[in-house]
Amino acid sequence: MSVITYREAVRQALREALLRDDRVFVMGEDVGHYGGSYAVTLGLLEEFGSERIRDTPLSESGFVGAGIGAALGGMRPIVEVMTVNFSLLALDQIMNNAASLLYMSGGQLNVPLVIRMATGAGRQVGAQHSHSLEGWFAHIPGLRILAPATVADARGMLWPALQDPDPVLIFEHAMLYNTEGELSETPEEVDIDTAAVRRVGDDVTIIAYGGTLRTALEAAEQLATDGVQCEVIDLRCLRPLDMATIRASVSRTHRMVVVDEGWRSGSLSAEIAARVSEELFYDLDAPVARVCSAEVPMPYAKHLEDEAIPQVSDVVVAVHHMVT
Amino acid sequence: MTNDEARALMRSVLRSIAPEVDLDDVAQGETIQEALELDSFDFLQFVTGLAEVTGREMPERDYPKLSTVEGCVEYLTQAH
Amino acid sequence: MGNFTMPSLGADMEFGRLTHWLVKPGDEVKHGDVVAVVDTEKSEIEIEIFEDGTIEELVVPEGGRVPVGTVLARLAAAKTAEVPSATTPAQPSTSTIAPTVDRDDQRRSTSRFAAPLSTSAETPLGLVESPLVRHLAERLHLDVSSLAGSGPGGVVTRADVERAARLIETPAVPRQLVLSHRPSSPLARRLAVELGVDLGAVSGTGPGGSVIERDVRLAAHAVQSSEGAYTPSTNEDRQRAMQHAIGLLMARSKREIPHYYLATTIQLSNAIAWLEDVNNARPAAERLLLASVLLSATARAVVKVPEMNGFYDQGAFSPSEKVHLGVAISQRGGGLIAPAIHDAETLAPQAMMVHLTDLVRRARTGRLRSSEMSDPTITVTNLGDLGVDSVLGVIYPPQVAIVGFGRLKDQPWVEDGALAIRPCIIVTLSGDHRVSDGMRGARFLTEIDHWLQEPEKL
Amino acid sequence: MSEIPNAPTSSNVGAADDAQHTLHLLREMLRIRRFEERCVELYSRSAIRGFLHLGIGEEACAVGVMEALTPEDAIVATYREHGHALARGLSMRATLAELEGKLEGCSRGRGGSMHLFDATSHFYGGNGIVAAGLPLAVGLALADHLQGRRRVTACFFGDGAVAEGEFHESMNLAALWHLPVLFCCENNLYAMGTALRYTESEVDLSLKASSYRIPAWEVDGMDVLAVEDAARNAAQAVLEGGGPHFLEMRTYRFRAHSMYDPDRYRDKAEIDLWKHRDPIPALTTALSERGVLSEGDLERMETEIAAEVDDAVAFADAGTNEPIEFLERFVTSDRVIA
């Protein structure tokens, strides 16, 4: 076992994919000479050359569309959109081409493409660079949306995503790159379908993903001292949602809190709350609670940003309110 | 009243109070209340049951005699 | 013989207004000729005819606004021999022109619980013209007289009948889940049905006073009415459910109620002597237990110190005029419930014993009334029988105090400077510091002591 | 009034001295014309619904370029794609069934007029979003480059696409990475209802393309032989590693932008002027003057094509609806979403 950072885990995953399959190539802004805006692709250009580690001009729609075309042409591209904030320029290519081609073509054209994006707030980089839009993309049929929250998932999810014949978007929360975790020398396979129960408990189910998993786990520890045992579920895959795991837990605890860094209205947490109220209505002993970002463009000032993002205390309060 | 009749009576009265207990569980010298987890309310009912069947007074001062199996059998079988 | 119909000129076009004709009856027309001009609310468009022939009759006059597909003109076959290539194949059946886009007919658009069509004042009801629709309604024994039709002119269509029939078949909210007026969680409502608990009678301890799972479970194991109300499959399930429910309640009590604890030793020689006198004159069945005296004394003491008696809910204490004394009764095989003896302050030991006997018997055979379960104002726990010197109880929310009686035990006792042996008992009080304090608690315990010294006055 | 390039001289005809080949070009254009004329009828009786963009008048572009491509080459088209699909080899049956939303359609009725696909002939479909196909073409060519596959990706788009950011991004990427893309711009002078002079600061589109150091020509989009000749040369250069090339085909559509467009933005005179340069009669006249096309030949060709159209209409009308149980199929690959 060795302790490595989340960033290092993603780099190892990229390197493994490039070595195992020569159809794989990496494309994105500053992925080559600069070594990646989050230094994830550092060293890959020197090892694999500029044909397979391709710096692109600032043309998100262009190079994401080119990634789709290359996938149609038999490659296994990994496109890095620096952050989800810049993916808005490529939303048409992702939704109207990548996600729809197989269906529109009546099953003829697969798009085996992986797009990686950093996401989330917490670095005081202001409103335009702090979005958390996984919920938007999880709305689109035809896409698989992943949110690796642990070092093991950051290391393990890329390869199965590349084997998926359909487009897969991987969201890496910016605050996770520096976090550390244990990883065995030969990391075991991970799936990209199911949620994981990161902490077992009987009283309340807390659903989280990506950057909010740490918040949920810390809140659960605090609540344990108050005698409230929380079950923490890491979604891992935001589309399709692993409702089976959620059902199994909530039907036992009868209470659910969703921690989602997106804005509350129309967020992924809204979808989960709606499904639980549809499928588990007669198992609920308290209304579903959601801890989301405040509905504001992310402020720059630290104290304001902290106030806007879901905090441990917010989760604790939500749970307390639910178990009185 | 023979010993066996006394035991049978005790069993039937106990059954109406606590169906799942068994008289044989009471060890030598152990009180019925402790062995069978009967509280004062249960024991009063036990005494009341015996009194109704036998028609005997069974005043409170005799309760200690009635709280062991042997004592109770002896109490029931002796005419006094 | 052919018809010239209003063409569809765009994705969102439903009606067209024929602004003017460019031909008149008797004119010869051939494939591709422009024969009229149609206004589609967006623009005027010249429309072509795709058949050769002679105009026989202009059916829709200029200015007429008609839905797509309506016959605009009738055509006689062209006099000259039909040019094979020019003939359009006969109207294939598969893509019939729907006069108007009957949105109701598309399965996808009607939601499973399609609300019946809102009927504007003047649309007629029960307008059934087609024999097929009439026959279908009879077969489904459906009274159509009140049915609003979605067909042209409000006529009842087949789809209307089928939808009305489907509405009836779709199950309404399952009957037994008829919701009571009290706010309660869905789980509580479901359990109330499963465990045969009358939800209306259960007081809630959940958010906003709503009835939640534990309230129902507590009520359930106390109310297994004989008529075979649903009882969890096995005893163990019920015990575990009760254990779980009590656990939650106690955890909440410990978390929320700032308990303070007091204890005192009370000398009972007077009470014991009084009891013996009373019992000597009574047959076994009518004899009193010490507990009845203790309960009466406690009830009387409560009247003097009202802060011990009532409910603390949503940040405020509401004292209760009535004293409903909760008596902790151990269930055979584990578990504890504390049903109430109502108006305990009015009961002398003799009456108290009658109530106690009845209560314990029903508690142990599961025939407690839910009211007895739901509204004790103060609770007494008595573990003397099990040989425990003293017990410090945990208050049952939303109550604000609990009294604990230990076992009767001979103790050394100093009287007038001399040492004596007296039967004594340790009495404790756990109080809610939000409502009362040690001072008031002590006052309460000494009041109990006072009554126990004069049992005859109870 | 926009200036009109010169009419085709008879010399052009001589250049492709293979008469049979020219007759083939005529037949292909005529097939497209009659097919789309029948679509107008089908649309008016609601057999075809939604949007329908006809290329009547622009047939020479599709036929000319497709002739210059090989079966291995890849094609990315636009929503005005019936001509390109038929010229590439999709059957009238499969295409018309798709326009009527039938299961037998080339995209199982899921795509409709704007989304015709055929994986076997590398026809990567139309696209409803203006210029959204350009990055796809760049990607396909990138894949060829990375896998050392020698083929051309022909990317069709209109003059409207030139104003999209993706045009700039795609041209730059293709030039930057020297990718085998043949950019085919069908400049019909109007972006939907807005004339070129109202949308582009530089209206000479081939000049605009050359700013990316991409070889670019304009060619008479109403002359199928000229288009074929230019496309063949460009495709050859691309194939030989010359990097991306750009053809600006100046053409004109005789009907509205789509089936519901009042066409008020063009005056009748201009339309009539261009109708005189209709590529089909132009070629018919040239061939008959050379004595390779008799009156009877033409009539026979028309009859055969009419029969092919009638058959396609019967096939499409008799087509079946895809069972609704399959609604969620192909959202993702052979995997039923839970």
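Going in written order, the chains are labelled A, B, C and D, and every chain counts its residues from 1.
Just so we're on the same page, contacts are C-beta pairs under 8 Å (C-beta built on N, C-alpha and C of every residue); 3 or more make two chains touch, one makes a residue touch a chain.
What you see is a predicted model, and the numbers here were worked out from it, not measured in a lab.
Chain centroids computed from C-alpha atoms place A closest to the centre of all protein C-alpha atoms shown.
When the C-beta pairs in contact are tallied for B-C and for A-D, the bigger tally goes to A-D.
Of all chains, the one whose Cα centroid sits at the greatest distance from that of chain D is B. The distance from the centre of chain B to the centre of chain C, each centre being the mean of the chain's C-alpha atoms, comes to 50 Å. Inter-chain centre distance (chain A to chain D, centres taken as mean C-alpha positions): 41 Å. Computed centre separation for the pair chain A/chain B is 72 angstrom, with centres defined by C-alpha atoms. The mean-CA centres of chain B and chain D are about 106 angstrom from one another, to the nearest whole unit. Here, these are the chain pairs in contact: A-C, A-D, B-C, C-D. Residues 226-227, 254, 281-286, 321-322, 324 of chain A touch chain C in their complex.
If you check the complex, the residues on chain B that touch chain C are 18, 20, 33, 39-41, 44, 47-48, 50-52, 57-60. Interface residues of chain C, counted against chain A in their complex, comprise 177, 185-190, 206-207, 212-213, 251-252, 254-256. Those residues of chain D lying in contact with chain C across their complex are 37, 40-41, 43-47, 49-51, 100, 259-260, 262, 264, 302-303, 306-307, 310, 313-314, 317-319, 324. If you check the complex, the residues on chain C that touch chain D are 5, 7-13, 32, 40, 42-45, 47-48, 50, 68-69, 85, 88-89, 92, 94-95, 97-98, 107.
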